[in-house]
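We call the chains A, B and C, going by the order they appear; numbering starts again at 1 in every chain.
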Amino acid sequence: MFELKMVKGSTLQGVLEAILDLVNVANVDCSSEGFSLQALDTEHVVFLSLFFPSEAFQSYRCDEDRSMGIAIADMVDFLRSSNDGDIITIKATDQNLEDITITLESPDKIKTMAIDLRLVDATSQCLKIPDWNDMESDYQAIFCMPSEEFRLNCKSLSVIDDDVVISVNEEVISFSTKGESGCVNISHVMNKTDKPEKASVILTHARGPLSLTLNWRYMKSCAKVSKLFDQVKIGLSTKRPLMVECIIAEKGYIRYFVAPLKEEEGRQRKKAKKKRRR
Amino acid sequence: MFELKMVKGSTLQGVLEAILDLVNVANVDCSSEGFSLQALDTEHVVFLSLFFPSEAFQSYRCDEDRSMGIAIADMVDFLRSSNDGDIITIKATDQNLEDITITLESPDKIKTMAIDLRLVDATSQCLKIPDWNDMESDYQAIFCMPSEEFRLNCKSLSVIDDDVVISVNEEVISFSTKGESGCVNISHVMNKTDKPEKASVILTHARGPLSLTLNWRYMKSCAKVSKLFDQVKIGLSTKRPLMVECIIAEKGYIRYFVAPLKEEEGRQRKKAKKKRRR
Amino acid sequence: MFELKMVKGSTLQGVLEAILDLVNVANVDCSSEGFSLQALDTEHVVFLSLFFPSEAFQSYRCDEDRSMGIAIADMVDFLRSSNDGDIITIKATDQNLEDITITLESPDKIKTMAIDLRLVDATSQCLKIPDWNDMESDYQAIFCMPSEEFRLNCKSLSVIDDDVVISVNEEVISFSTKGESGCVNISHVMNKTDKPEKASVILTHARGPLSLTLNWRYMKSCAKVSKLFDQVKIGLSTKRPLMVECIIAEKGYIRYFVAPLKEEEGRQRKKAKKKRRR
């Protein structure tokens, strides 16, 4: 049997809403420690990996490992009709392997809403990526920033709708973009000690200056998820995709890996764009 | 002469806005006791009947019975431009049988807005239905619920966009729907005595268990109207349409009658749907 | 060099947003006293003239007169990404005549955002209109009203989407419109002395009764701008366009001139409309 309980408005609900842009059905792998989900966008640029530990829930039980294909969109729709204070239960029995049942129960137990959601085949979504612990050493720069700042940057950079260059050295991290109508640059001075840590951009480690070019429209879902958390951790590497991470209940995480543009690619895209405009 | 006065934001204004989904022009029958309006949706599934008693207004006068065809949409548009505190007057004289005049007057009397609204021919909308008092005995179950709960149910049930079954026995009232992606069930335990009456679902009378199938999309206007009131009263009958009622100023009411699906009909609709999806 | 500084949320930002309906690129003329901008809508009915005096900004410097073509829409987009408390700097150097640089700096100076906005050719937008001081004597009636009232009138009059007649005598100013579904009239009693001046409609001068017919849809941008100010001043003339003015930092202004319909024109439009409806 699989069963978890949480109260309305929990992080899981928010995360599911935010990843809808990327993924409609997903394969969820449950174990006694928690459950995980991987997804790849249709254009194969963004890879999403999340792990919700059992500690993130009011109660959690998973007797034996199981994998379930879930229609995330339907689940989110139903969870939206929960009320403040409702206890949300998600349950799958060993007898019925075709459905997952979600129950919303009012605190006074007078009202109950339940949905039996048909499980779907989402095995095509199953992916194997290397463990973060194995990859971390490939990241030359890792820094943390308030997620509010991250989101504001995402908004500002979308004014000039083009590729974004992230550059980092030991003092400043900057995001910049250059289009036909002008160019935008956003700079953060890092490791300012006269500010509370949470409000600052903190470089945790850097090996030399580094810069990376991204197609910024793939950052949208990522910006939406960050709203649920106070901080985001960003990793830059010359060998790996850009990594953006938010931490869930200490042991858990949601990580986006976004493939950078090769320099060649960026230049070609720009030329193509110019041609189209003529 | 016909003349009524009310302050901005009154129930009438809210009700007119809410019934716009169903009716654009309507025939209004005025007498010294109040005025009434009947309307039928274009698909002839929902029948709406309302009576506003003279007591619902700051002042009300109707010298002799008259019937007026009113463009509800234009009236609502104009009322939307009223300000807080405005006195709203609706007036029809015996001299001018072509117009109805609506006046908005600021409390300090410095600003006046008036519209002469051309009356329209809405006699095709005139309907005769049996009196509720004659029908009431045909209803095997009648219960009241907080309109907030009613609206939330309407929202939840729309997740799975299909016919809804309302079932009632002496303890529980439940709403359920079954679609291809799963099924939803909402249950309310009734007559819980440890809660304030207003917050509970109260069964006023029931003769045996009963269930009814409805095409839920016809409940939308009804859910919107319920927002203006604290309670809704719902009547179920095997011989009559579902009845949803809100009480206006004690003597008045707005009632929706929604034709249920015959069991045969429901099954056919489902088959047709399945076919279309293939 | 040209450089001005202001804090986020200043009047300039609001005005630029509001005039976007009328103008996308505009020629801005800067002098040591402030800068001005003129624009004409594509249908040549509304003429907009604004002057922002140097006093409207935290700091302002313009070494020598210069004229710059600015993509207002891009500028507004970028300004939208400013945060509360941000210092906004707009700067053009003598070395780089192709760009204007806008910088947003956080109060703690840790975050900086900058855009180099390419200047555009907007000379076709350059217009010469007579000075208001030369025109003022042609206006037979001038009155002030709370901009909130002005906006509400704009909204009410749009219910019946047709030409609006503004009439003024020494006691009452009225706005009225007549369509096929009825007619709307809004009247304000003027110069009521028992109310605070700001809340009243004040006639500053009038030479005889006067009325003017306008195509009301050209008033939209004007109504939007008025939101940023407490009062609007309206001038009526039989020889000149309707004038609506808001005052910026005492010496500055934004003025809309809206060409009235000739009586002949109004009548023809109505006939054409009737024909179309048949």
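Here, contacts are C-beta pairs under 8 Å (C-beta built on N, C-alpha and C of every residue); 3 or more make two chains touch, one makes a residue touch a chain.
Heads up on the chains, UniProt names are A, B, C = DNA sliding clamp PCNA.
For clarity, every value in this text was computed on a predicted model and none was experimentally measured.
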Note to self: If I list every residue number at the interface of chain B (DNA sliding clamp PCNA) and chain C (DNA sliding clamp PCNA), are over half of them used by both copies, so same, or under half, so different?
What the structure shows: different
Check: Fitting the CA atoms of chain A (DNA sliding clamp PCNA) to chain B (DNA sliding clamp PCNA), what rotation angle results, rounded to the nearest 5 degrees?
Finding: 120
Notebook entry, point to check: Which integer distance in Å separates the CA centroid of chain B (DNA sliding clamp PCNA) from that of chain C (DNA sliding clamp PCNA)?
Noted result: 44
Note to self: Give me the residue numbers in chain C (DNA sliding clamp PCNA) that touch at least two other chains, ranges are fine.
What the structure shows: none
Notebook entry, point to check: Contact residues on chain B (DNA sliding clamp PCNA) for chain A (DNA sliding clamp PCNA) in the complex?
Noted result: 149, 152, 155-156, 159-160, 180-189, 192, 195, 200-201
Checklist line | Residue ranges of chain B (DNA sliding clamp PCNA) in contact with chain C (DNA sliding clamp PCNA) within the complex | finding: 71, 74, 77-78, 80-81, 83, 99, 108-118
